[in-house]
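Which chain is which? They are A, B, C and D, in the order written, and residues in each are numbered from 1.
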Amino acid sequence: MKRVLTVLLLMMFCLSFVVANGSQEVAVSDEITIVVMPKLVGIPYFNASETGAIQAGKDLGINVIYTGPTTPDAAEQVRMLEDLISKGVDAICVAPNDAAAMTPVLMKAKKAGIAVLDWDTPADASVVDLSIHQIDDREYGEHIWDLLVQEMGDTGDYAIVTGGLSAANLNTWIDAGLAYAKKQYPGLNLVTGKVPTDEKQQVAYQKTLDLIKAYPNLKGVVGVSTPAPLGAAQAVQEKGMKDSIAVVGTSLPTDSGPYLADESLRVGTLWDPAKLGYLTVVMAYNFLNGEKPQDGQEIANVGKISVWADGRTVIMGPPADFTKENYASFSF
Amino acid sequence: MKSGVKKLIVSKEGILFCIFLFVFFLMSLLSPGRFLSWYNLQSMAYQLPEFGILALSMMIVIVTGGINLSLTYTATLSMIVGGMVMANISAAGGNGILAVLAGIVIMIGMASLCGVFNGFVVAYIGVTPMLATLGAMTLFEGISLNITKGGAISGFPFEFLMIGSGTVLGIPIPMILFILIIVGTWLFLERSKMGMSIYMIGCNPKVALYSGVRVKRIIFQTYLIASVLAAIAGVLMASRYNSAKESYGSSYLLQAVAASVLGGTNISGGEGKIAGTVIAVMILQVISSGLNIFGLNRYLTNVVMGGILIVVLTINFLTEKRSK
Amino acid sequence: MGRTLVEIEKISKIFPGVKALQNVGFNINTGEIHALIGENGAGKSTLIKILSGVYQPEAGGKITMNGKVLEELTPLESLRNGIVVIYQDFSLFPNLSVMENIALGHSVEKNDTLVSWKAMEAIAADALDQLGLILDFHVPLGELSVAKQQLVAIARALANNAKLLILDEPTSSLSKGEVKKLFEIMLSLKKRGIALLFISHKLDELFAVSDRFTVLRDGQYIGTYSEDELDDDQLISLMVGRKIEYTIYPKNKKEEPLLEIQNFSKKGNFQDINFTLHKGEILGLTGLVGAGRTEVAQAIFGLNPVDEGTMLLDGAPLVINTPDEAVKAGIAYVPENRLQEGLVLRKSIEDNISLSVLDSISANNGLVDLTLKRSLTEKWMDQLGIRPNNPQMLASKLSGGNQQRVVISKWLATEPRVLIVDEPTNGIDIGAKSEIHQLLRELAASGLGILVISSELPEILAIADRVAVMRHGRIITQMFCEGLNQEDIMSKAL
Amino acid sequence: MNIKSLKIKELPILLILLLLSLIITIANPTFLTVENFLDILKSNLVLAMMALGMLMVLLTGGIDVSVASIIAAVTVITGQSLIHFSSNIFVTILVACLSGTLMGLVNGLLIAKLKIPPIVATLGTMSVILGLVLYLTNGAWITGIPDSFIEFGRITLFSFELVDGRTIGFPVQVLFLIPVIFLTWFILKKTVIGRGIYAIGGNLESAERMGFKADRILIFVYSFEGFLIGLAAVVHTSIMRQVDPNAFLGFEMQVIAAVVLGGASVLGGFGSVLGTVIGVSLFCVINNGLILMHIPVFWQKIVVGLIIIGSISIDMIQKQRVEKNKIRVDVE
């Protein structure tokens, strides 16, 4: 029996710090609670959106819970959503790791009377009340390829380094870009399929080194996912080939500063994730208050949004392009 | 009678169960009214089985003295292959129930192939389990990616979704399946002749061989059975997520090892009880859901789980030391 | 006789529930071979572990060496003081080279930071020289035969410049010739002034070399006697409190063939093995260690399939490639290494006994009938007198004799036709040995054919009806045991 | 004699390495250039250094799955120290090695003193350390590493000019790897504690009887591994020039796989520095060859999996054949 007591005491000790740590986050009741769930927590992109979402919560005087899995695993995301439904919240905004996987749990949420939104990456359109897009996926993909052509010219070999082979939104942009290039830039030659880099700069660096050697005529590299362009730029920089190989991609301006500065990364293009987080919370809040988004509506701290004809797909606006000249003026 | 109760309480499983009760109680206090709601209990009952079955699958392999790092990719590869067939039949306008049956049979068949592969490399070629399954993990992931090209397989018939979300008499079907599997694996491991051989092989394969036990065959079969269990977890996942993808459940892999060990399974083989693993799975579930509802930072939840693993094993060490 | 080297005073050791040693005290002199004897459980191992610093004695005990009190002895301190133990399991490293196995302890003992491979080579060469052994230094130890590994262990002790050399059953896996060689070495060490503490169950060996005997019984010190004070019988009665010797069982000529081995050959193992085991017969298989006895036994049992040759059981040809086929055919094998090959130490008596018969105690659905498992266990525990009478007891907690009974029970439960026992009484105390002998004889009387592999010739002569002698992988001769003596066999084996 | 037995042990894996290199060279002669060699070297320095630490752990019969978490923590500490404390390279090395060693020490204590099985203890510390790192950093990249440190990381040794006018040379970080290889070799081969590592991996009880203090050796091994991880963290930071706390997710499996490919046994006692170096090379060459050989992206993982299983199986079958044909009795 004594042993059991020891065990209990130890557990008590172990968990008491948890209580101490978490107590400041206890939800205030009777207040609107909006959950914003990224694909995963702990990466710069979703950190930035967290600050936006939390700021919006403060501005609107509502409770925003920003939480997500520690790995981009759809299973973990579903489990967490189920728990949050149990917790009883008013709206769930999710950036799904996998759209189809979310459908059952989002249906459950709806059944429980919770407003369901997706953001960053679309979920199953039939279950969401609103869909917040940073951008139109097709346009974005085409934009990236336009930038590529602007930097390397419209003929020659190029390669794609991507975050992961099964990341849905990255694949959407790449597919859109490839389809566009086929029509618009027939002179472009993709040397090999998109190369996965595990969402790591180190791997992107290594793979780009290999690509440069495997395809000596390489003139351009498209980096999709935030660490990928940096790794590619680093490889090109170190090989002293920044003049012959153009790297463009979707990176955050602050992290890519050093590479933009010497033009080993020619152009980065992305939206401000903080604004996206902010907009998501505002849209959820408005929706809960019965307000529908309007095309051309001006959202404080975000700007003008556009809304599709379906009345529920919200587009934040065009991405910002960063170059050597202007990157320092961005704060994300 | 009294000493029997006492024995039960101080057994490894007894201590674990006390920890479970304590954690459960604590979580109820942390989020009053929320954690202990009917909805949350039911929601946990939906979540628990897929992980629980994977943990049991991992456990029986660990008892043989092995480990299966390809566990989650076995589950996802089989759900992708089976899911494809199911979606195709369904898209062609085939009978839903028939499609589901065909899909499940193929999932189990595919997992069996994975099990045969692992079992052959481990038992007959004699490669250390950790390495064989490490290689298999990469291989299965590669095959999955090759099939899906990075996308998800979806479009399952409605009947299939019922497996993961339906209830019978108010009890979620996954839970019923889990209970059946607990009973099944318990009978298999702790009551059957093969299970008893597995324990002995886990302790000392040489003695088992010298006693006329067909060691290679039993190890081979264990990997096969463990893979079939993984496929069942795969069925649940595919059904609950309405789709199949190679990365589903990847976070369950090391958690399954942790649950087995937390449940008292000896990582070097030969010891471990089904009850222990099941309680450990319940503890991890309650902590995960409880802290999530409570609103603790997800990373601190990981810290707590890692801490509990170390603390419980330290307690085991101290009590064992004292009893010696 | 030399001066006093080690004084052991009032040494006690208490484990939870057991007084392993009580107030033991005696002296060991330089230049003597001092035999430490007693039955298993008498406290010999505990005493060795205290001398080597593995255990700490209870307060009040004292060990003095060369007039210096050794306090809070650790294994390292003990080594530094020149106390070297050669354990029964050799304590060697299969992954390290012969050279390192011999010489590494030197560096540890000196608390060196760096190892000098040159110095190690010299040390190893010197030690092997003293033993008159020629071995390749650089071969990993694991690739050597068991007999050679033992010699390496002895070489290591020599390399450690032992002042007190403790030999725990050093001869248990050596052949007569090798034992003779060991004794020569022991005597030469003695001449150099080294004290030797020699532990063995084999009384003839003890009398061959020992100067004095210290007897322990049930953890208590019985006395120390010089060699001329005692004879075998007196020593035994001191050890066990009663008089025991090997019973010589009457020899029978059996006619009905049970297992016939014809032209068994396997490259690098044995060549042209032919013999017949009859029903109700005990056939002894002897020879030097490394003559190929175990290899033949394992070939019959399917652990070491032959290149060519046939086997007949009851006149019908039998092909066996795996142990489970052997078990099905009614062949059972009690291996030499009980602890590593015979028993699952972490599991209970019940689990061990039922391991070989899981098929027959389980229903068609594959589930084990636990009542049957228990009753089967109890039946055999009862028949073989396994103590303590608790089926749940872990095998690791049993004495050597009882462990061996569990292994035999495991096989008897399969109702075998042929029983192969490899060194059946290795490391078992005298009382238990006789009981095992009796058991084997009773089994033979019930119609089993038993093949007994043993290096201990008195054992073969006591229980076997016939004996086959092996040398260098071949059977040299087969003899009827009636009227044989040890020299008759030895002359063939060498 | 000594050399002969050494050769036999590492020969099969060396042959596989050579064979694979030959195949890749035939497919793409670029493989066999100095430039490619230097690229492979630079991008795998961290793997190699961590593998040497892991080798020691495996030799004792242990395993460490927390290495990726530890290096993540150390890179974060290193990054912070560079920015806020001192950009001096020696101070940085000291800080990194100290923090790495400390974390290794914790593993060592759990394993040696509390007798927790290594895989379990390190599984625990893995989630604790990584959880704390990501909780505290929120996954944000650390940028703004001082220029002096970045410049240090760019130094090349024995530089020479290529035909196309670019200059390449040995990366300065090699100066870390070479001493580490030598040090590990020296410890394992020439010191008593090194032989003790082999001894406790071969037979723990005997090692203790011989006078080795297994506790201390285990603590040393895990601490030393932490120390090497500290150095690896400095190397990593100097190459990548910013710190991504998520950069090492899943890296532990690569480290273990590389060491084991080099012939180390996960059961302890067997393995060598030479073998590990060959194993790491094999691992790098496989990865390098994937793109150089133009293997389609979706086949790459399959190829890697098959090569790993294939080479370990060949090794195993070889060992079993030797065992089977071992002469047990000198038959006359």
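As a convention for this text, a contact is a pair of C-beta atoms (placed from the backbone, for glycine too) under 8 Å apart; a residue touches a chain by one contact, two chains touch by 3 or more.
Note that this is a predicted model, so its numbers are computed, not measured.
Listed here as common contacts of chain B and chain C: D. Among the inter-chain contacts, the highest number of C-beta pairs connects A-B.
Look at the CA centroids: the one farthest from the centroid of chain D belongs to C.
In terms of their C-alpha centroids, the spacing between chain A and chain D amounts to 33 Å. With centres defined as mean CA coordinates, chain D is found 43 Å away from chain C. Each chain gets a centre from the mean of its Cα atoms; for chain A and chain C, those two points are 69 Å apart. Contact with two or more other chains is made by residues 41-42, 70-71, 165 of chain A. For chain D, residues touching at least two other chains, in rising order: 131, 134, 298.
Under the contact definition stated at the top, not a single residue of chain C touches 2 or more other chains. Chain pairs that touch one another are A-B, A-D, B-C, B-D, C-D.
The touching residues of chain D, when paired with chain A in their complex, are 28, 30, 33, 35-36, 39, 43, 46, 131, 134, 137-141, 143, 166-167, 236, 239-242, 244-247, 249-250, 287-288, 290-292, 294, 296-298.
Those residues of chain D lying in contact with chain B across their complex are 63, 65, 110, 114-117, 119-121, 123-128, 130-132, 134-135, 253, 256-257, 260, 265-267, 298-306, 308-309, 312-313, 316-317, 320. Interface residues of chain B, counted against chain D in their complex, comprise 69, 121, 125-128, 130-132, 134-143, 145-146, 149, 254, 257-258, 261, 267-268, 297, 299-303, 305-307, 309-310, 313-314, 317.
Chain D contributes residues 1-2, 5, 190-196, 198-199, 201-203, 205-213, 269-270, 325-332 to its touches with chain C in the complex.
Across the interface of their complex, chain B is touched by residues 16, 303, 322-324, 326-328, 333, 335, 340-347, 351, 354-356, 358-359, 361-362, 366-368, 370, 410, 414 of chain C.
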